[in-house]
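Read through the structures below before going on.
Two complexes are shown next, each including subunit A; its partner changes from subunit B in the first to subunit C in the second.
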Partner chain A sequence: MMIEKLVFYVFSALLIGSATMVIVSKHSVRAAFFLIVSFCASAVLWMLLEAEFLALLLIFVYVGAVMTLFMFVVMMLNLDKEAVQEKFVRYLPFAVLVVALMVGVLVFAVKPSHLGNLGYAMSTHQAADYSNTKALGMLLYTQYVYAFELAAVILLIAIVASIGLTHREKANNKRQRIASQLQATKADRLVVITDMGVSE
Partner chain B sequence: MNFTAPDFLPAIGEMFTLGMICVVMLAYLFFDKQNRGITYFLTQITLLGAAVIAIALYSHPTEITFDGSFILDPESLLLKIFILLSSVFVLMYSRPYIRDNEIAHGEFYLLILFSVLGMQVLVSAYSFLTLYLGLEVFSLPLYAMIALRHNRPVCQEAAMKYFIMGAIASGFLLYGMSLIYGACASLNIQEIVSMMSLSVNSQPMMLTVGLVFIAAGALFKLGVAPFHMWVPDVYEGAPNAMTLFIATAPKLAGFALLMRLLVEAMPALFPQWHYLLIAVAVLSMAIGNIIAIAQDNIKRMLAYSSIANMGYMLLGVIAGTPRGYGSAMFYIIMYVVMSLGAFGIITLLSRKGFELEKIDDFKGLNTRNPWLALMMLLIMFSMAGVPPSVGFFAKVGVLESLVQADIVWLPALALVFAIIGAYYYLRVVKVMYFDEPLEKTPIIVESFDAQLAISINGLAVFFLGIFPTAMIELCQKAFLV
Partner chain C sequence: MMHLLTSLLWIVLKVLLIALPLLGAVAYMTLAERKILAYAHVRIGPNRVGFLGLLQPLADGIKLFFKEVIIPTKANSTVFILAPIVSFTTAAAAWAVIPFNTDWILANVNASLLYVLALTSLGVYGILMAGWASNSKYALLGAMRSAAQVVSYEIAMGFALVGVLMAADSTNLQDIVLHQQGGFWHWYWLPLLPMFIVYWISGVAETNRAPFDMAEGEAEIVAGFHVEYSGMSFAIFFLAEYANMILISALASILFLGGWLSPFEGIPILGSLFAFVPGIVWFFSKMAIFLFLYVWLRATFPRYRYDQIMHLGWKVLIPVTIVWIVIEGLLIELKVAPWFS
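What follows is the complex of A and B.
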């Protein structure tokens, strides 16, 4: 029990620290790395709750795939650091105001008495043959099957929309048009200039 | 774990739509080059087929399935029928526009189908989870659709603005839902209703704050003041065919969202949302009607008019009686029919390389195409609420339900704003009939189905105004249990 508590506090602190670094870090690549750290820390917290499927998903999908793409995009974009910093300072008072307001409303609404851990039982340990993956699957494909299918539709929309928005003829496209290349005749390509005063 | 298979019959319309979306997608991929019309016709068949299914299910008793996340009731079916039929008209109007402006037509039709699917899901959602998913399925295609016209930067800007604003609204909605979930420990509307009547006294603040966030998100989607900033910009920036779609069917879905979230899920908080909606309705009617006067861009003008009209619709919800909800539904359906015609004409009058945007572009329309001018006249009279038109009966319905609920000052105020609003609708009529045209050339609508659509649409506004009873009764019955 003691070790569990220790793990919980260490990784919670790590999560909060790295999440803060994501937003305050000046370098965007570094910020992305801190995001990876915070994903790993929250995966450990999931693990403590015996939700091993979600924990591994976070590592495999988010850290392994999404963040790799994300890093790629961040490096490609070559963000202007000065401009980002300038905006950060300019909007800071407004942002602080909004955050203070939201936190105020939340504390006012939820009341600090709800925030303690008195109202919630400690999570009990599951039996050794408990499978988190199976439990999730049972819920997803029975009770939440309708919502699950809708989530799949959203992915399909994303595919159609992103293909529709990016895959199209650009005005300065450099693609070869083979048909028109083959149809070109000598008369199209060659202009014979005769009256240059040069006789035969 | 015990599991009984849910009853799939109530959701057959959604399943049909999703199946046909896949068919349309494959047909567009493989057969579109040989036969350019095939995507269009399959899309229309999908929409009409789903509408037929909804009509066939109409006599089906109210049923809740999929573990309480789906409801089949007259309200959802009536809204579905109008969402589907209005989308059929949208396609008929926008087909020539899409062809002339070289917009990727397959993607356009597919995104419309996805959006319509989302709206179907949304109007018959009965838990917060499906409501939210339906909302996302219907709004994500809208954002992409606006940006489809890639050679106009203004469209990209409008799409971006709509996307960011929509994301913020979704965030608000989710935040509110999470607070309600915290207090009620359920996402099911049925369970929320019973839990809330128990906890409304012990945790009033948490529920109220949740309500405010949820209401903000839903009202944002409807586009009412003070959440209206995006409406004129998006209407103006989007290509005309897309504005036509955004201004019609999504309003019906937004109405369903509001009804399910406030009226059906939170009757215990009626006193709270009652005053909230009064403030929003008064603001919308004032801002919409007064700012619309100053517009010389017809799309912006109609955008402000939609803000005002949503304000009028809210009056029926404010009344808080089944009669009020019924007249609010009649109002919003009729608004969609009218706005379909108005934006339909704008889309028809736009040609290759010419976006009709200014009110001045309507100058002398009567001499250039008398039939279109007559249809626009009918629609504008109806929007202004001139007596024999359907807009008049819609306004009377909501105002009457308010008076019956003993709120008299609000209808009086609404009437004052309606009179102010009449000015800008009638100005369009004046411009069409009494001003000299900028160009003399007659306008010919080449596409037969667009001509047919506008004729049916304009005459529907006219005949529903003469015989409104059947439609009003249908809407009223939807809320009588």
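What follows is the complex of A and C.
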């Protein structure tokens, strides 16, 4: 129990710290690195809740794939730091006003009673043969099957749409046609020239 | 408290029991690779240091250890030093859930297959960080190529693993092996043959090995992401690459070739004749087959071009796995013996 608490506090602190650094960090690549750290820290917190499937999926999908592409873009973009910061300062009074308003509304509207019981007990442990993956699958493919299928269709449409928007055939497009390459024979490509003239 | 300390010590001992042989295996894998490549080229290979060159890896290690670690002036030094560490950590941490024999496993967790998948997908960050922190165009190009490649082949690899999950009905590596009990024909390589091939190809691509070693591509971008690395920091990248190769070989033998199970199980005379062989011997020999295959591929095929890699990953491997998932679903539904009965 003691170790669990230790892990919880260490990784919560890491999560909050790295999430703050994502916003504060001036360098975009460094901010992206901190975002990765915060994903990993939240995965550990999920692991503590015995949601191992979600935790590993977070790492596999978000850290392994989404953030890799993100880094790809951020590293390629040569962001002009000065220009970005200049804009920050220009809109500062307005931004402060907006933030103050939002915080004011939140403080006014949300009272401790809305947050439910703040003194949550630590979650109880499941039996050793409990599989979070199986439990999640059972729910997703029975009770929530329509929502699940709908989400899949929406994602598919997004894929088709983004490919359709970006993949325009260029007139001078160079592409390899493997099928026609395989059709090539020696006679098509090779001409042996001797002093007797051209021969096969 | 005392109990906690002893269990902690016990775990550290087990970790050492896995990590030290792993480092040894990495060292001798480099020698094996050089020797096999040499024989493939009709050369002899390293044979000066020790008997038949057997001390060559040691000599290489000592040389790299005493070389100066150079950090380029314009490099981002924190990330530059962190990159090889991240590379090696992810490669080594995945070994925690690999079962070597019945119950010879450091952490027998439920979702060990997902864990391995998650960690291997983290490995790309070592390369990305190295490429970016070096502040060199060759390194950045290498990192970009490798990121694109790993992301594409991860999908095919994930689908191949979905096939194994469906067949074994479990994400626990030990359960997956135990499901394949019953000899050579009961292993998953046969009902999942296309997945097996796809897994192996994407495994080779994921470890950035020839013919998918675009991230290094000596001819075009010098050495890719590790151009600026020297001495020990380079050696750690090297260690990570070989540890990953061994890991992919171990996974391929666990998922498709029955892990530590004997191939002669259930065969009348051979089965009892080979019953005395401990499981770990079978496991290591299966891994050795895949490791040999790695080197064989390197000796045989020229490097792929970037667009060819993308073509193979997206338009060949992914469709193959999707089609086979449907077929496998049918096989499971029809309870085809002996795998799905």
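Heads up, the rule we're going with is that the second predicted complex is superposed on the first by the 138 of 200 C-alpha atoms of A that agree within 3 Å, B and C clash if a C-alpha of one lies under 4 Å from a C-alpha of the other, contacts with A are read in each partner's own complex, and residues count from 1 in each chain.
Quick note on the criterion: contacts are C-beta pairs under 8 Å (C-beta built on N, C-alpha and C of every residue); 3 or more make two chains touch, one makes a residue touch a chain.
Source: prediction; values computed, not measured.
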Contacts of A:164 with subunit B and subunit C, given as first, second, both or neither: first
Which superposed partner A:153 touches (first subunit B, second subunit C, both, neither): first
Touched partner set for A:52, first subunit B, second subunit C, both or neither: second
Which of subunit B and subunit C A:143 touches, first, second, both or neither: first
Which of subunit B and subunit C A:76 touches, first, second, both or neither: second
For the subunit A and subunit C complex, residues of the former touching the latter: 3, 29, 33, 36, 52-53, 56-57, 59-60, 63-65, 68-69, 71-72, 75-76, 131-133, 175-176, 178
Complex interface listing, subunit C residues touching subunit A: 4, 79, 109-111, 114-115, 117-118, 121-122, 124-125, 128-129, 131-132, 140, 143-144, 147-148, 150-151, 154, 158, 171, 307-308, 311
Complex contacts: residues of subunit A adjacent to subunit B: 105-106, 108-111, 114, 138, 142-147, 150-151, 153-154, 156-158, 160-165, 168, 171
Subunit B residues within the subunit A interface of the complex: 1, 3, 6, 11, 18, 25, 66-67, 69-70, 104, 107, 110-111, 114, 117-118, 121, 129-130, 133-134, 136-137, 140-141, 143-144, 147-148, 150-151, 179, 182, 205-206, 208-210
